[in-house]
Structure formats: C-alpha cells, structure tokens
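Shared between the two complexes below is chain A, which pairs with chain B and chain C, respectively.
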Partner chain A sequence: MTRQEIFDKLKEIMVEADDRNREIVENSTEDTDLMKDFGFSSVNMLYIVIMIEESFGIRFEDLGVRDLRKVGDVISYIAEELEK
Partner chain B sequence: MKWFYDLVVFFCALPGLLWFRPKRIYEGGKKVRVKGGVLTIANHVGYCDPLYLLYGVPYRRHHFVCTEDILSSRFRKWFLPKCLCIPIDRDNMSMDSFRKIVGVMKEGGMVTMFPEGHIVRDDSTAGQFKSGMILMAVQAHVPILPVAIRERKHFWNRMRVVIGQPIDIEALYGPRPSFAQVDELSKKLYIKELELQKLLEEK
Partner chain C sequence: MSMTRDAFRPYTDAETFDRIVEYDSVTEMWAKCLAEFADRPAIEDDGKTYTFARLEQDAASVRAALSGLGLQKGDRVGLLAPNSYDFVKSYLGIVTAGFVCVALPPHLDEMTVFGCTMKYALKAVLVHPALEEKTAFAKTHGSRSVFLSTTLPEASCPMAEGLKAEDPCVMLFTGGTTGKSKGALLSHGNVLQGTVNGCYGYKEVFGQRYMLVLPLTHVFGLVRNLMTSLYTGSDLFIVRNNKDMFRDAAMFRPTIMVMVPALAEMCLQLGKKFGRNMLGESMKTIIAGAAVVPPYLVNEYDKLGVLLLPGYGLTESANLVSGNPESLKKPESVGLPFPNQELKVVNGELLLRGKNMMIGYVGEEEASYDEDGWFHTGDLVRFDEEGFLYITGRTKEIIVLPTGENISPAEMETRFNELVCVQDTQVFEDLNERGEHILALEALPRMTELQGVEDVRAYVTAELQKVNESFPLFMRVSRIEIRDQDFERTPSMKIKRYHRV
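Let's turn to the complex of A and B:
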C-alpha cells in the first residue's frame, strides 16, 4: 500500500468519525496537526486509532494516543506496521 | 490475582459493613443486578469511593481503573494491581491499557471508573465526564451502569449509594457512534449522574 493510498483511507476514516470535519480533512496534508488543526481531543484520537486498527488490521503497540502529532506520523506508523 | 482480591474483600467485608453500614438505593425502586460485562461509572468525591462502590455493587469483582500517579509508592505498586486495579496514563492513554480494560469487559468482568478523572468534592466545581469511557463500553459491547455516591459527613451517617439502571449504548446509537454522539452521550451520562445524586439527597 502506498503512502497516498494510506492517506486516502485515513481521510475516509476521519470523515466517517466526524462529518463536520469533512472540509478540513479533504484539504489536509501530511503536515496537518491532528490536535491543533483538526481540533481532536485525546478521546477523538483514541477513536481514530481504534478505527485505523480495524480498517488496516494492525495494532498500535507501546504508543500513547498523544504520541501521534501529525497526519504524516500516522501514515508512517501504519506503513511500518503494514510492512511487518 | 482474583484470589488475592477475594481475600482482601473477605477480610475487609465485616469491619467495612460495621463501619459504613451501607444503604443501597435503586433508581425507580427496581433492584438492579447486572450480569456479564459491564462498565460501572460513579462520581468521585473522596479516597473512600472505591470502598463505597464495593459495598454498592458487592456481588461483582471490581476492576478499578486508576491513574498511574496513584502507584507512587512501592506498596501501592505491588498492592493495587493485585487487587485488579488497571493503571492508565490519564493524559496520554496507551492502546495497551485500553485493550486491557476492554478485554476484562469482553470476558464478562466489571470495570469500574470515575469519569470525572479526579476528586470533585464541591458541587460548584463539578466536572464534566471524560468521554473515553464510552469508547471502552462501545468497543466491549457492554452497558454502562451509573452509580452515585456521597461522602459521609459523620460516623453515625450510613453510607449511601444510588444505583441507576444500566444504559445500553448500542441500543441508543448503534455499534459505532460518531464523535458528536460520543460527546452527546457523555453529557447525557453526566446529567444522569446528577439526577442520581439528587435521589441521594431526597432519600
């Protein structure tokens, strides 16, 4: 799976979680900050992580929900896990 | 360490009963006895709250969720996990802790937590609930049991606990509520908690 494909799927997940964020999500880049730009709380992050785990079939190990700051960090983590 | 938990409860039961003389009040007057996985939530008024909940729902083993800060001494670090407490990092929750909590409920256990996240003694500073607990219940497909407790003012007062009716999240919002629904439910549960606290004052 390429980074772009992961990014597209991630966007779908974020829109599904909160339709109010659709415009910001669609205009987001890998540098977009999940908490500052999307306004995600730690609970929102937890929610997104659960959905990522289910959609990609991976597990976030030894990681706090606040450790993922930017969209690019999430994509990198997913890409690494998918390669394992 | 279920045997250790049972041992502690066994030795504390009689002295605790004499000291607190617990009185359970049920919402709507209908006795609640929850079987299977469940997430129990309560307001947090003092350090004795876990004991209040043990006597409020005595027929189940409580897996208390506590913050890692509580495990500051060597004794607590040894004792609390043996008493089935599950420590979490309140500010940066790990997925491992989340999975552990969900796993307990999926296996039919009861997890008990204080969603205000800290002790709130004064009504004027009453906090809102943190909504992470809803994700835990959703993920484990279990109901939420709201409980209200009040700190005893004097020794001669009986300990009182109000037990609400279990709330089935899936029946209200389906298997995957959105962000907005999670926030809405968190507010609803907080209002329910305040209603139960009122019952505590009336009775």
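Let's turn to the complex of A and C:
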C-alpha cells in the first residue's frame, strides 16, 4: 500500500467515526495534529483505533495513541507494521 | 414518593428474586459470598483467573499490611491503581479492614495526587507499580501518607468486626456536574444498597459473566460492575485496554455489561460493519447510564436479543437511583426508582433521600443536604402515571455529552474571560447546519483593550481559539462568534442563557 492509499483509508475511517468532522478530515494533511485539530471524543478515538487494527490487520502494541501526534505519524506506523 | 422492591418482582423469577437480600456492610456481604461461592471464579485479569477464596487471601494480605501501620478504624487509605486485579484486592482489603478507601483516578497528575494526600488526610496510599511515578512529588514534598506497593507479601488478617451500615466505606470523585469534581463519601450501607439495586429489573442475575470497561474509580465501575458482580457470584473480566474489548468478548463470552450510551452505539456501528454482534452471542443484558440513552438503541439491541436497560444514577447515590425494566415499552424513561429511597419533585427538580444516599462531600464548604436531609440533584424530572421517571433537563447549567462527559459552561467561560481582550462570553449547546449537537461560544470584545487592532474579530477569535485548544478535546467549542452588542441580561446583570437545544 502506498502512503496515499493508507491516508485515504484512514480518512474514510475518521469520517465514519464522527461525520461532523468530515470537512476537517477531508482537508487534513499529514501534518494535521490528531488531538488538536479534530473534534474527536474518547469513543471516536476508540472506534478509529479498532477500525485501523481491523482494516489493516495490524495491532497497536505497547504504543499509546498519544505517541502518534500527527496524521503522518499514524500513516508511518501503519506502513511499518504492514511491512513486518 | 418511594417504591418497594416488589415493583421489580415481575421482571425476575421468584427463586432468583428471593436470593436478592440486603446486607449492612461489605464485610457481611463478603462473608456470605465466601460461604457460597468460594471456589468460583471471581475476577479474570491479564490472563489469570482468581477465585473468591483467592481474592480473600489477597485482600487479607492488604489488611495485614495496613493494620501493621497502626491504622485505626475509619482512617482513610488512598488507592492509586488502574483497572486491574490489584485494584480489586486492594479495595476489598481496605474496606473489609474497616478503613475508608479513597479511590484516586489513575489519570490524576502527581501534583493532584499530592493534593489529595493532604486534603483528605490519607494515612496511607496503596500504589500500583505502573503508577509509582505519580507519587514522586508527594514523597518529596512533605506528604505524611505512607506509600505502599499493591504488590504485598502474603499474610493473614481477619476482617473487621461489627461494621455498621453508617460506617464510612469509600470516597469517590463526582463527575463534576456542578462544575468541579468533589469527593463523595459513601457508607457501607450506601454501597450495599447500590450493590443490591444492581440486581433488579432483569432475568438472569446470579452467576453471570461481567465484562468491565468502565473505570473502577467511577461509581458505575466500582458499585454496579464490581460489587454487584461479587454479590451475585459472577465472574468479572477486566478489559485492560478498551481497544481490545471485542477480542476479549470473543474469548470471554460476557453475558452482561455496563456502559455509556456512546459506547453501546459504537458497538452497534461496528457490528453493522462486520455483520456480527461484536459483544458476542452470549450477551443478554446491557445497563446503560451516565448520559441520555437514545431510544433507538433499545430497539436495535432488542433485534440482537439483548435487553438494554437505561438507568439514572449519581455518585452521591452510590449507583443507580432508577432502572428501566420496560425499556421496549417506554424507551425514553430512566425507569422505576429502586427501593429504600424517597423521591420528591420540587419546582421540577428531583430531590433524594434514603439508604443509598452518601454521607456527604468531604472537604467542601457546600452543604451536601438541605435542612430536611434532601439531596438536590439539579435534574429536572417528571413521573408518568405508572411511576416511571423521565429526565427533562438540568437546573444547573451543565451540558452532558453523549459520551457521558459533563461540560460546565460556567467553568469554561471563566477561562475565556481571563483574556483581557474579552469582556464576557457564553458557552452553549447549539445545532449546526446538519442538525447535530455542537458546543458554541459567543464573545463580547473589550474594545478599550483593542485600540489600534486592525481586525478585532480575527484577533479576538484567534485569542479565544488558543484558550479553546487548552481544553481537553471533548470540551472544545466548535464555533466561535464575536458579538457587536452586549448579551441580553437578566435584572441581576447575568447573561440570559441560550437554550437552543
């Protein structure tokens, strides 16, 4: 998967998590801050984590979501896990 | 008005209903549990299963360690631990020794942990190794508490004798519905009434498989999940990381869960996506509380063969005040009041009194009860002709989000008003163009402080946005408007609050 393909899938998941963020998600870049720039609730974040694990077949192990600050960090993490 | 337990009799078979009996203290209940369920699994955590008997052995080690410090009955002991078996054995050890457990939420920062040791005069604090660093500041800044690890050597020590219903048992922090989190002190009688209330209104009560996702420092986690699970001889699985809850559910096959409506909704959403009931086919009952339950959730879960029971409760009432066993017929109701409490409606506000109501707040100037002993909930309610309760609003300005998180507009406004360029602000709930609930902010600029600023609107908005970003994510406003004119005000010059939703 290319970075762009991962990003597109990630955007799809983030819109599903809370449709109210559609505009922000669609205009987001790899530099968008996950915690600051989106209006996600704790349950939205849980949905996103579960969906990333299920959709990409990876696991977030020993890694709090807090360590992944920007959208680009998440894409890099997914890309690395997919290569394993 | 008040209800007797017979109101709940039709919803449980006679034999089960007769097993629901009341006790005065955790020690009395725990002794009965040990007599009846000793070899049954009580807790499953981190791949291990602990029986009731094992849990008692480990609680005894906690009692021995604390008694060795020379603590007296009623002394307060802090507990700083994430959801884990160690939390359970420590809590049980503290309260069955006759000490008071002050349940410190694991997300507290080290300054607050220090503050709690001082404010609540904690004689000792049991600390889980994973949270050890949170005690560093307290240890070096003169806290008089003794800090002990929850990992303790095996030792024996009997339970305290003669604990009465009015003896203090546990202190929990409120969700802050009045703007600030307070410590609510619950007695043994309160905790036991809350525990028993958790048994009413559904069929399969004893020997269940509970799956815990709520914090044990929260009343629903501690009383409705843990205590009712122990009381009913059930097996409680502790979910270590909520992201793994569906893998855990597939393995553990829970029959009952307590959750906030937003989580119940998310489970449905994922279930539709993956074409299966994410909580597993064994799931029979979901207790949903801490926020308004959208009626469609009840019907959607019914299609999956799951009974979703909306309830209403407070930290101050030691668990649910009411539960709705007729959720399919009356999905908008929070149900029938549980026994041993009195409910009164004054000017629309619900007032409570009864065996389940807390001893009081600790270390607060605000009175816990009025002169006649009534607790003012701040919730506006009505009853229907069959005695079912409905929540219709709040007297205090609080916005409750679908995740159960409480927003105090006044608290947020105080922070916005600290900006010198702002004269006054109002935070309120509004609908966006798609009809969805959002938090919005209107601000009146202080023009005297803005002389020479070219674009006042842009400048003030940017300043407000900075403050907005200092709030936790769920609290942030998603729309900021700058006013040209003052707000409409009441005769006492307070801003007339908007109620658009």
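We take it that the second predicted complex is superposed on the first by the 81 of 84 C-alpha atoms of A that agree within 3 Å, B and C clash if a C-alpha of one lies under 4 Å from a C-alpha of the other, contacts with A are read in each partner's own complex, and residues count from 1 in each chain.
Just so we're on the same page, a contact is a pair of C-beta atoms (placed from the backbone, for glycine too) under 8 Å apart; a residue touches a chain by one contact, two chains touch by 3 or more.
Remember, predicted model here, so these are calculated numbers, not experimental data.
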Q) Which partner does A:V49 reach: the first (chain B), the second (chain C), both, or neither? A) both
Q: For A:F60, decide between first (touching chain B), second (touching chain C), both and neither.
A: both
Q) Does chain B (first) or chain C (second) touch A:E83, or do both, or does neither? A) neither
Q: Have a look at where A:M35 lands relative to chain B and chain C in the superposition and call it first, second, both or neither.
A: second
Q. Does the superposition put A:E23 against chain B (first), chain C (second), both, or neither?
A. neither
Q: Name the residues of chain A shared by its contacts with chain B and its contacts with chain C.
A: 16, 19-20, 42-43, 46-47, 49-50, 53, 60
**Q.** chain A to chain B touching residues, read off their complex
**A.** 16-20, 42-44, 46-47, 49-50, 53, 59-67
**Q.** Touching residues on chain A, where the partner in the complex is chain C
**A.** 16, 19-20, 35-36, 38-43, 46-47, 49-51, 53-54, 60
**Q.** chain A-facing residues of chain C, complex
**A.** 242-243, 246, 260, 262-263, 265-266, 269-270, 274, 401-403, 405, 432, 434, 436, 438, 469, 473-474, 476, 478
(Q) Using the touch definition from the top, list the residues of chain B that touch chain A in their complex. (A) 89, 91-96, 98, 130-132, 135, 139, 178-180, 182
